[in-house]
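What follows is chain A paired twice: with chain B in the first complex and chain C in the second.
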Partner chain A sequence: MTDLDPQGPIPETPEEEAETGALAARLALKQRAGGIVVPVMTALLAFMIGGVVVLATGHNPLLAYRDIFNGAGLNWIFHPTTNVANTAAYNLTQTLLQTTTLILCGLAVAFAFRCGMFNIGGQGQYFIGLYVANWIGVNFSGMNTVLHILLAVGAATLAGALWAGIAGFLKASVGAHEVISTIMLNWIAIWIGEWVFGDGGPLQNPDNKSVPISGDVADSAKLPVFWGDKQLQGLHVGFFVALAALVVFWLILNRTTLGYEVRAVGFNPDAAAYGGINVKKNLFRAMAISGAFAGLAGALDMLGYLYHFGVSDVPVSSVGFLGIAVALLGRNTAVGTGLGALLFGALLFGTTHGLTSNVIQPELAGNLTYMIQGLIVLFVGADVLILYVWNTRRKLRPRAKARPTEAAA
Partner chain B sequence: MTEWAQRLENPVSARLRDPATSGYAGMALGVFAAFLAIPPIQARTITWPIVVGIVAAVLGIWTVTRGRRRLGIGAIVAGIAGIGLGILATRSGVGNLNAVFNAALIGQMFAFSTPLVFGAIAGMFSERSGVVNIGLEGMMLMGAFWGVYGADKGGSWVVGLLVGAGAGALLALVYAYFAIHLRADQIVGGTAVNFLALGITGYFFFQLYHGNYVAQGVSTIPNIKIPWISGLHFLGPAIGNLNLMIWASFALVIVSYIVVFKTPIGLRIRACGEHPRAADTVGINVYAVRYGAVVLSGVLAAIGGVYLSDGFGGGAFTDNMTEGRGFIALAAMIFGNWRPFGAFGAALLFGFSSALAFRLQVYSASASTLFNVLPYVLTLIAVGGVIGRTVAPAADGKPYRKQ
Partner chain C sequence: MAEEIVLEMQGVRKEFPGVIANDDVDLDVRRGEVHALLGENGAGKSTLVNILYGLYHPDAGEIRLHGKPVTFASARDAIGAGIGMVHQHFMLIPVMTVAENIVLGMEPKKDGVLLDERAAEAGVRELSERFGLLVDPASLVSDITVGQEQRVEILKALYRGAELLILDEPTAVLTPQEAHELFGIIRSLTADGKSIIFISHKLNEVLEIADRITVLRRGKKIETVPREGATEASLARAMVGREVLLQVEKTPAQPGDVLLAVDDLHVFDDRGIEKVRGISFEVRAGEIVGIAGVDGNGQTELIDAITGLQKHASGRVEVAGRDVHQATARRMLDAGVGHIPEDRQRRGLVLEFSIAENIALHDYAKMPDSRWGWLFPARLVTRAARLIREFDVRGGGPLTRAGGLSGGNQQKVVVAREIARDPKVLVAAQPTRGLDVGAIEYLHRRIVAERDQGRAILLVSLELDEILSLSDRILVIYEGEIVGVHTGDVSEEQIGLEMLGGKERTAA
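And now, the complex of A and B:
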């Protein structure tokens, strides 16, 4: 797992470089290849294979997907209304709640990717943000609302950044592979959750020591809800924060020196070092910024609609892992991540709580989401398929140009 | 790369890197563990002597796998002796110790470590051939579900073992195709395998069993009762009545050591992992070797999964049953420096940690959590290179392209 193979052949073409070289170089090439067509085809293929499984087990896949579509509230566009008494409108708010989280978890993966690192630890960073937000949200209850929210969100974001920063530091200082260290940090974060909310844990609700659940976030730290009812998980203003984060992500990467350096390191660390960029510093910074996005996701969830968290909620949450699929499908770009988050947000809610169907049970549909997620990640990872498509396109183009000349001759 | 060369020449880090340092540190810690519980420090819980003793043993394993065998074994012994003495010292103070520390704990250590041993050896084969296998967790999960399904429908645990292994092999084959032929990024591919397995097992568990426990009376993997041992005072509860797969895992470690390091096949596998181009030049079919290694990896990881559900779990499957054991196995493999006995030692240590966490649950939730989290923390320290660096096969994770 070294970064550079001294015995390896020197790549001659960008395609070869992309196949054998750094991850970011491969991804950069993928970004050039095929535009939006390939991700859409990837997703369609995954849905088709998922449909085959559904069909093989005796359910109608088309009806199942229709019910999931309705369960996610996407049928709202046919009858738009802001009244959440309408099922479609309510389901849509829930889908957008999930989208909010997934945008930020996706960005956490995407930002590290642009620096050539695979941040598999979004889940752990999300949890750490969640715990810190819960701690500050439950305590300090006498505070001014704006200050309280800012303090909780700021501390959670910082905590997420620090948690990912451990992996970034280990990568920068001793070259520890970030995949291994983030996996370990994930599990450490999970066990921290089991402990802090568990019996006698520091964040367990002091008024009810019989259940392993935290206290409720104070009213002063709850985020304002702009669509729906606060008691019924309405859509909170964190949605706009997530949208703003997409813009910030794009601005950092494309309009700042920091972003330039991060992308340079991701594309080719040796060339970046030769050009005077401090590679180690950027590895750490990129990882910390990634963690900040995930920590922010945890804070918004806690202050926006969860309000409390328990031991049994810890193993159920998988948004950090879904973020991997979101970022990969969105090709680590801002717009792509936003669209990917909407797709997976719809899948996440539409296959579980939102689903009312006599075609497919929520338990089956929920696992269908995992399958589709796995298939998408599998296909996106196989960039040679995409390279093949891209290469045939390039080969075809000069031939098409050459043909008229041949005819003239 | 040149930075690394400079770091290596740095005298301080060179001394830290020297296995002798970790060996002596381990011995010192082992002695320290024994003194923790008695005045003047007088720790009142058994946690601290055990933690310090385990760290000492870890340093010992580390030293052994890096060449200073005698020194390392000394540190391991010091660590274990430190734990023993530390516990003895606190014994009078804490009444519950008898319930936690008895011979059955040894048996439970083996029970908890067996899936890890299978997983770690599985990962070792794959990575020695140059394919990173993050998907161990998924392959193990496939084995856990389809193993119980096979045992239920086939009427025998042997069928379960075969069906489970087959399911793991199938998933590994899909992964191998993407990782080897399509040269997909192996980390991304492995992550996908984990999601896929979670979805497939969860889907079919509900489809076939409606999410309930598999019917009672499923044929389970039997325990091996050794008549002349099971009656003995200490050895009886410790190893007198272990599951068949536990013994199989011991055999697996020895066999895989011989295969990897003493046979031509092992040499080929290692050649593909270290320098595939050179291996190709001398006529080794790199793709075939890697396919074989990855599929074998899937089979072994799945057998670990079958043991989990049909042996250890008594024929019951639950959603996401592996709960990160595949990742601990991965950690054990890294900790054992991609070597069978190193991985076995690490798996035993992590299994001991889990068994202890399981038993301490009743008495102290926080101590239980501490031992649950210990494998991950130790691995994080290990990959952080605080006490020397792990050395992966040179071509690990790099797709190979034929010329």
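And now, the complex of A and C:
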């Protein structure tokens, strides 16, 4: 699957390039031409700095990263087995469980990005999907399994779409910036969670009013587990749904008129309007589709392995925000988002398992993920800087060659 | 005129991956001379002056200033050596005053730290009076006109002690009046012994202001000629490498039915200012109606209202007899209005899209491009390939990004798209802006050919020459009203006068 490169023009002639003049503009062109270089360097740089921190605590970063690699189950590829009694295989299922969620949360950010919007609200949209899936999953028990799952997943996806659609509607109608409104909607979603699962809340488990936790999803709404044990967080079929979502994302963008409109608006709203495209409609629609991905993520998590949710879980969850890093690192493409999700999924699980105090300061273990995440977001924002470093390095050789001429002059 | 040679560039070569931008180029500039660099887009003019200004390092060749070889590692070195450059796009800070912008980086200091505002203004005023570069040092840059901004840029270079001034396409952003004033300034600079390198692709300007002209084509120097003896035809031939028809050949119009009728149209801009104030006109099949006017007199709003990109307050717009009052852009396109927008990069193209995707910009949602929302990229590519051949778009295939094409080829993509839809009415706004001689010739011929196909063409241009040579009828717009209607022969002066509202031109 090759994704149409979403980035901008590649200079055909140096004259064109020369005319753009400013360093930043030239680097932007290079960056678009660069493709894979920047994300890989971004990630490597983040790991290097993370390594320096590990080093500062008196441990060997290489050992730490090796243990994270093994902890994430990535060493499974050396001895593939489907038997989850094998530690590597079990770890891998857990990594892929995280990857499933991250793919969808990444797509939620990437889709809006392709329409020129920054969806910071993945977390809130994920929550809304989670709540709705919990509500439908807990109730309607005794339904046909397939119908129950479809109903819960469909309703949660739609709810996520509507939740994000609020931000899209505000953007299209009154021009409210989506960054602000999606952040606000995140908070609203968080406090809705505090309420619905809280004491006396509508989703609190009616059989146990003493704790602020929801009831368990009925068996008829639980997703089938295809690798591992349902009781032990096995890998559920949602993983394939997420992979399919990557394909759907690519198809929508590159093979439908809807995607054509989204990309046109994202690149150049003036030209889109001139082409007869309804820009406002697309802002709303793209935001809603983004929210659908995040809502779907919430549904799969709820029906796939969480089964219940509580007030204390709300502030801990941050997959929606990780989705931003995933999409940025993946440059808002389908393939990139898939790889980014795998990287962060592995980090999330690998840093919380398999690390011993021999290789890393225990307090640092889980936080290393967030540090690397932060560094990646920072570097992605500053990739012009990375390119600058990259280019100076490359320029050194031709410069040296040019010197004799200058000396002769 | 003094024969002292200020600058010599010899055997300059600059290669970019895949392209030789400058190939063994020589250039010499005398003291007190205006030396024009003439060439099409991509001929290597910008590369050459960027090398001179220290922005690029030449792969070979040498630069001598006053006979001494020099190498510039950066623009700072070039400025230090007395070279100044005014870019096409100005680099001023709008929230600062004229004087502050000019002294930026070498401010006169008070008590060692504070900017001595008074000294700065005095210095700037002295300089501006000496060369007739009239601009108020105390006004904010955001408040001055584009022409004045250019003067500030020139003053900035002079303030840094420039003896050799590079002006990169200086008239591209100016009205004819402002250009005229710029030429006066250039003459006072050369009278003072400064030398000017004047980059342009406009032949008439070059013949008006330059002492000598160096023509570049595809990175090579073709010739350096004195102004005396050069003609527009001879320069165009040197630039393009073949004979160029500067005059558009066309037969008298044979107007048919009215295809576009505008009646008492009123349009307000975003800020609620009435920009079009009761305009009425008709365009018939097989005729070109030109709208002449100084920029900002309501042309943009008029076009946007006709093409459905902006609502109008009152009045009627009819296309082929159908009332398309307050139609959206989509409906206007479907009603048969084609539109070559005045800014192809902002509006006419999605630069990040491929040529094929850009050509589908209006019809992507229709058969054969798509069906039930499903897009068929292969069909887009097939059609694009056909149009690329038909309209002679060079520099790429259907999958090439539009942003990678030269300006002329970008415009050809726009024109191909609009004409291929077989519009009844074609609105062409500034169709040749920023294009070089060869591309202009092509577009002019194409517009006349489309007229002969029976389309109604509304041409809006700030280039009076273009209006005069293409139009069958000319309307003059001034402050949102039509102040003159001409058929047949009319003098440039007459229209020029009407463009200024009928008032005598006053010196600024």
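To be clear about the criterion, the second predicted complex is superposed on the first by the 345 of 409 C-alpha atoms of A that agree within 3 Å, B and C clash if a C-alpha of one lies under 4 Å from a C-alpha of the other, contacts with A are read in each partner's own complex, and residues count from 1 in each chain.
Just so it is clear, a contact is a pair of C-beta atoms (placed from the backbone, for glycine too) under 8 Å apart; a residue touches a chain by one contact, two chains touch by 3 or more.
Computed from a prediction, not measured in an experiment: that's the story for all the values here.
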item: First (chain B), second (chain C), both or neither touched by A:Ile49; value: neither
item: Touching partner for A:Leu151 - first (chain B), second (chain C), both, neither; value: neither
item: Touched partner set for A:Met143, first chain B, second chain C, both or neither; value: neither
item: Contacts of A:Met41 with chain B and chain C, given as first, second, both or neither; value: neither
item: Contacts of A:Val237 with chain B and chain C, given as first, second, both or neither; value: neither
item: Partner chain in contact with A:Leu368 - chain B first, chain C second, else both or neither; value: first
item: Dominant contact partner of chain A by residue count, chain C or chain B; value: B
item: Contacts on chain A seen with chain B and repeated with chain C across the two complexes; value: 6-9, 16, 19
item: Chain A to chain C touching residues, read off their complex; value: 6-19, 21, 254-261, 263-264, 267-268, 270-276, 278, 402, 405-406, 409
item: Chain C - residues contacting chain A, complex; value: 16-19, 21, 41-42, 44, 46-47, 50, 56-60, 62-63, 69-71, 87, 89, 307, 309, 328-330, 333, 339, 341, 346-353, 357, 360-362, 364-365, 369-370, 373-375, 377, 395-396, 400-406
item: Residue numbers on chain A that touch chain B, as the complex places them; value: 1-2, 4-9, 16, 19-20, 23, 26, 53, 57, 118, 120, 166, 170, 174-177, 179-181, 183-185, 187-188, 190-192, 194-195, 198-201, 315, 321, 324-325, 328, 361, 363-364, 366-378, 380-385
item: Complex contact set, residues of chain B against chain A; value: 1, 4, 132, 134, 174, 178, 182-185, 187-189, 191-200, 202-204, 206-207, 211, 275, 277, 320, 323-324, 327, 330-331, 334, 365-366, 369, 372-373, 376-377, 379-380, 383-385, 389, 392, 394-399, 401
